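Same chain, two partners: subunit A is paired with subunit B first, then with subunit C.
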Partner chain A sequence: MQKALKKYFPIFALPTLVAFLIAFIVPFFMGIYLSFCKFRTVTNAKFNGIANYTKAFANKDFLNALIFTVEFTVVAVITINVLSFLLALLLTKGIKGTNLFRTVFFMPNLIGGIVLGYIWQLIINGVLMKVVGHDLTYNASYGFWGLIILMNWQQIGYMMIIYVAGIQNVPSDLIEAAKIDGASSWQILKSVTIPMVMSSFTICLFLTLTNSFKLFDQNLALTAGLPSRKTAMLALDIYNTFYGRTGWEGVGQAKAVVFFIIVAVISLTQLVVTRSKEVEN
Partner chain B sequence: MKKKLVVALLSAAMASSMLMGCGGDSTEEPNITEDNTEDTDQDTTGDEENTDDVEAGDDTTASASGGKVYYLNFKPEVGSDWEALAASYTEQTGVEVKVVTAASGTYEQTLKSEVAKTDAPTLFQINGPMGYQSWKDYCMDLSGTEFYNWLNDKSLAVTEGDGVYGIPYVVEGYGIIYNDKIMRDYFALEDKAVEISSATEIKNFDTLKAVVEDMQAKKDQLGIEGVFASTSFKAGEDWRWQTHLANLPFYYEMKDKGLSDSPEIELTYGDNFKNIFDLYINNSCTDKTALGTKSVSDSMAEFALGKAAMVQNGNWSYGGEGGISQTVGNVVAAEDVKFLPIYTGVSGEESQGLCVGTENYMCINSQASEADQQATIEFVEWVFSSDEGKAFATEKLGIVPFSTFTDADKPSDPLGREVSNFLGDSNLTSVPWSFVYFPSQTFKDELGYALLDYCNGQAEWSAVTEQFIDGWATEKEAVAE
Partner chain C sequence: MARTKKQKELDMVDSPLVSKGQGIAIGIFLTVLAILFLAPILIVLLNSFKSRLYISDAPFSLPNSKTFVGLSNYTDGAVKIGFFQSFGWSLFITVASVLVIVLLTAMTAWVITRIKSKFTSTLYFLFSFAMIVPFQMVMFTMTFVANRLHLDNPIGIIVIYLGFGSGLSVFMFSGFVKAIPIAMEEAAMIDGCNPLQTFFNVVFPMLKPTAITIAILNAMWVWNDYLLPYLILGTERKTIPIAIQYLRGGYGSIDMGAMMAMLVLAIIPIIIFYLTCQKYIIKGVVAGAVKG
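Right after this comes the complex of A and B.
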């Protein structure tokens, strides 16, 4: 059987390979090619060199969106991970109703981004109109914090589950040994638990980082960039560029390629850095 | 050996099932090849004039040509009506008509992706000369067709050289819609601040302003929350201001200069723009700092529920999904829904009519097979000449600019009738839809953002003016490249 598997491996892998080729590899390379073209639809592209890239970088909206995205990502990654780790610690202490809590916290993650965006828009507007008398579009910082709250609400539960799994995997004999040695609970957390769940950190940081960077639905539904594109993130800016002007499709595509490179570099760097801190069980 | 055979068979089965799962379109492929063969048949006969003879009901010819129609519909509010009409046509003639409706505000995106498919739309629409610039590769010359001949005013069509590439199939009008019942209540008040006694006597901006401001002051007596419905500025819901209202200052400036379009503008009528815009946001049922999350449907609902007396919109907003008459709890009687031109304080505006024009030009895909093109032309001609099609058009589309439509085919909804009446009044001059020359969506969006900042008190009016002028120049340049 082993031999047969080896022999027919290509046939078994073929369907997946073909699907991967059709759904990923081909569009990806077509996308890169199109970023060097002027086009209306993907079938009538005309090559025009790096003109799209010069336009993309000369476009102030792109830079603004990049800055906003980076700010958002930094705040979101920190808040989501800190809060979800704390929740995970709390929910591994064996309190009554732990399973119920875990389910409840996880549930927001099951709702789609657009729906969440609209719901939170209503909630935040309601509060803002009562408290300050303006709506979400009055000031870019309202939109910023609105997005942070929304993303925290959605992502904390998911990250919490990953941390819970990590924490439960910490061997109890290690903690017991530390206790016998007289370590305080803070020392146990710092020197035993955290190093042992480093692999969970790697995954969670990777997920939050890329999710925040690529955020689109929630951004579109909550503010759609209002006021004045000040809360538009990179993905939304790419979308706006693509559809905003006749003849600028290629520029949108060029922005998308740059976007891909940024996301890839940042997330790979993060992976390498946090991996190096992981300890073998 | 047997095992090997089983493994091989299994993997083959798996591979094929996987591929089947991906290729949902495979069933339609035979059709395409069929079309191509028909194509050559058509070419040999090759006389396009034949279409004139092929009348709507002639099912044998139509289905024999093998073409199919794929219409990408622009108006979601009449999407289901188009589908019903198409089904009826298919039943009568055997010609397959597929109608797909793009979601509101996503027509360009949908068209962009649909056109790239093998089974591309054969019938689609563009929004005017600017739209033609982006879709010219896909627009077929329609100068020989019957439905171009039917066009009452040939100058309305989108042309280039001798070719006719887009044919308007409906004209629409917009202005300030008012609820005459509330207006009558107001004019019946003893302490009203104006001399006039009916809304039809409002003939210029000064009168409009006096009436509106007095009504706003007496809103509790009138039982309304404000005169104007919300000036909606939610993203994608601001076209009534950055496109429709901005049309007026642009139109008057171009009229003075004797142009239709220009690479640069000065916004000489900027103050008029401000006049009317201020009137809207300061006399509304919604506070002007809370407009950024209001949608068009919110405004229409406010009007339909009697919370507001006026709303700027067009005749499309009466029937159809989300229209005044369709709003749950609508309190406005059909006979009370009337139009007022948008007065902005331009001298001589007493003779100004509604803003009448079209953004709906039908185009036939030049890259579709000839059989499909033929079938599409037949379908369109059937829609605008058969009784069933005409009934649909007058009821659901509005005012159709074709000679096949007589006075008896006037629209039945109150706003459509109002537009017809305004058009029929020879003392009034309609304002054309000059906004078809607005450079790009980005220009409109950014003008909308500037207006919202102004409403929120985050920027002065000068910022709007600047955005209008600078945005115009940069966007015209960006698109021209």
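Right after this comes the complex of A and C.
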């Protein structure tokens, strides 16, 4: 079988491999190389060592975006996971209309980031104008909390579904036994349900972590970084550096490499955590 | 329709675990929450019938005889951004990319999983690696390569989607191929099937559940994607997200009437798709999350 498959390998894999080479492998390594170059277009690149990286880390916008992104990610991960877990608990009580609720809560997840951004821009601006008389572009913290609300609206339903699947996998005899032993519902939640859904927690934690950290479309549509780039997250700052500032393409690429390294570390941590969990089980 | 145990669990129709009073309280709370969840979309819908002058100032008031403009936001907006062309481009690019990705990455995943060599395990590693690389890392150089190879058009972008999307899809298909017994494939080959026949008659039918999951994940990605098509295609041939963003324009003020109407038009196809394939979408998304 191996021999026949090897003969047919090009028919099966070549189209994908060529596309993979064009859209990923070549751009990736070219990107690493260009992060050490000064260039306007790719063809006139000149090697200039780590100058782009020092420029990137001396760039106020970049540091601001890094801090904003980290703060946003922390708040988004906590709020989304707490709320979606609570919602999952309510949706596994076997009450009427559960399917309808699930359908409604999940729906925002399918709407694209650009559309979401403009929906919430209308709502948040409407509320802000009424309450404080200014819109989203007035204060960076408005944009911050606006993005948090938007992300919660988009992601709660998704994470809820994963938690529901986890909670339903808890064997019911385990809960019965705890009840017979006289455990209160809080004790059951704390000592039975939560430990049993730890793998759902890991999945949701990392999903929300990477989704929040890499956010771009929602950021662009809701605030576009306003006021004066103060609400630009890392992905948007990289975009602005590439396409908004002539002569800074190399710095943009250096920022992109730093961004990639952070995302890769998060993903690898997830892999290690998931692997070690599998061993325990 | 016969339902499996698993489906029943997913439907959550177990007997109530709470008292009747508690059940009603939870029901009321969830109903309020569901209304809050739907409110943003309903508010956009209401505003899409109001004159653009009355949207930003009072987004929460209902249209009245002074502010109601009928469908003119829809007609103006659709003409302004070419919504129906955009819908066509989005549909074409999404359907074509998803078909190409599902078919070609399934084929790739099968051979690189079944052939055991240093080369194939390197490829598997590279595909898995591609999953964790954010788009910003490659966006500038990818755009350059795409332009150089004249892939900056609605056909060429399918190649780009295949290439950038192949990481996750090959990874997920490979995981499933590893789990299916090799004996059936060997039997088919001994009976005289060549690898292509074996793949399409034996392997691919078994991969169908994974294929649906991968199709849904990729469809959601491509349909909603903004930056990649914007950089590759520009604004000459706009997909829906590009068309919506295009409404914001430069520094001028946004035509809020057209914006509301176009947001509604952008959401309608998603809601129809969701309500018709809900079962597959939710299952697919969960499966994708757990395996990816």
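Things to note:
The rule we apply is simple: the second predicted complex is superposed on the first by the 236 of 281 C-alpha atoms of A that agree within 3 Å, B and C clash if a C-alpha of one lies under 4 Å from a C-alpha of the other, contacts with A are read in each partner's own complex, and residues count from 1 in each chain.
We adopt the following convention: contacts are C-beta pairs under 8 Å (C-beta built on N, C-alpha and C of every residue); 3 or more make two chains touch, one makes a residue touch a chain.
Owing to the predicted nature of the structure, the values given are computational and were not obtained by experimental measurement.
In the superposition on chain A, contact of A:4 is made with both subunit B and subunit C. Shared-chain residue A:42: touches subunit B and subunit C both.
In the superposition on chain A, A:162 makes contact with subunit C only, while subunit B stays out of contact range.
Using the contact criterion defined above for the overlaid structures, shared-chain residue A:129 touches subunit B and also reaches subunit C. With both complexes superposed, C is the one of subunit B and subunit C in contact with more subunit A residues. Legend: residue contacts after superposition of the two complexes on their common chain; A:111 is shown touching subunit C, with no touch to subunit B.
Of the two partner chains placed by superposition, A:58 touches none, neither subunit B nor subunit C. Of the two partner chains, subunit C is the only one touched by A:214; subunit B is not. In the superposition on chain A, A:34 contacts subunit C only, with no contact to subunit B.
Residue overlap on subunit A between its contacts with subunit B in one complex and with subunit C in the other: 1, 4, 8, 11-12, 15-16, 18-19, 22, 41-42, 125, 129, 220, 224. Taken in their complex, subunit C has these residues touching subunit A: 9-18, 22-23, 26-27, 29-31, 33-34, 37-38, 40-41, 43-44, 47, 55-60, 104-105, 107-108, 110-112, 114-116, 123, 126-127, 130-142, 144-146, 149, 151, 159-164, 166-167, 170, 182, 185-186, 189, 194-196, 199, 220, 223-227, 240-241, 244-245, 248, 256, 259-260, 263, 266-267, 270-271, 273-275, 278, 281-282, 285-286, 289-290. Those residues of subunit A whose C-beta lies close enough to touch subunit B in the complex are 1, 4, 8, 11-12, 14-16, 18-19, 22, 40-44, 121, 125, 129, 133-139, 220, 223-229, 240, 243-248. By the touch rule above, subunit A contacts subunit C in their complex via residues 1-2, 4-9, 11-13, 15-28, 30-31, 34, 41-42, 87, 90-115, 118-120, 122-123, 125-126, 129, 153, 157-158, 161-162, 164-165, 168, 203, 207, 214, 216-217, 220-221, 224, 234-235, 238-239, 242, 249, 252-253, 256-257, 259-260, 263-264, 267-268. Taken in their complex, subunit B has these residues touching subunit A: 3-4, 7-8, 11-12, 14-15, 18-19, 22, 108-109, 112-113, 115-116, 130, 133-135, 137, 233-236, 287, 289-293, 439-442, 445-446, 449-450, 452-453, 456, 458, 475, 478-479, 481.
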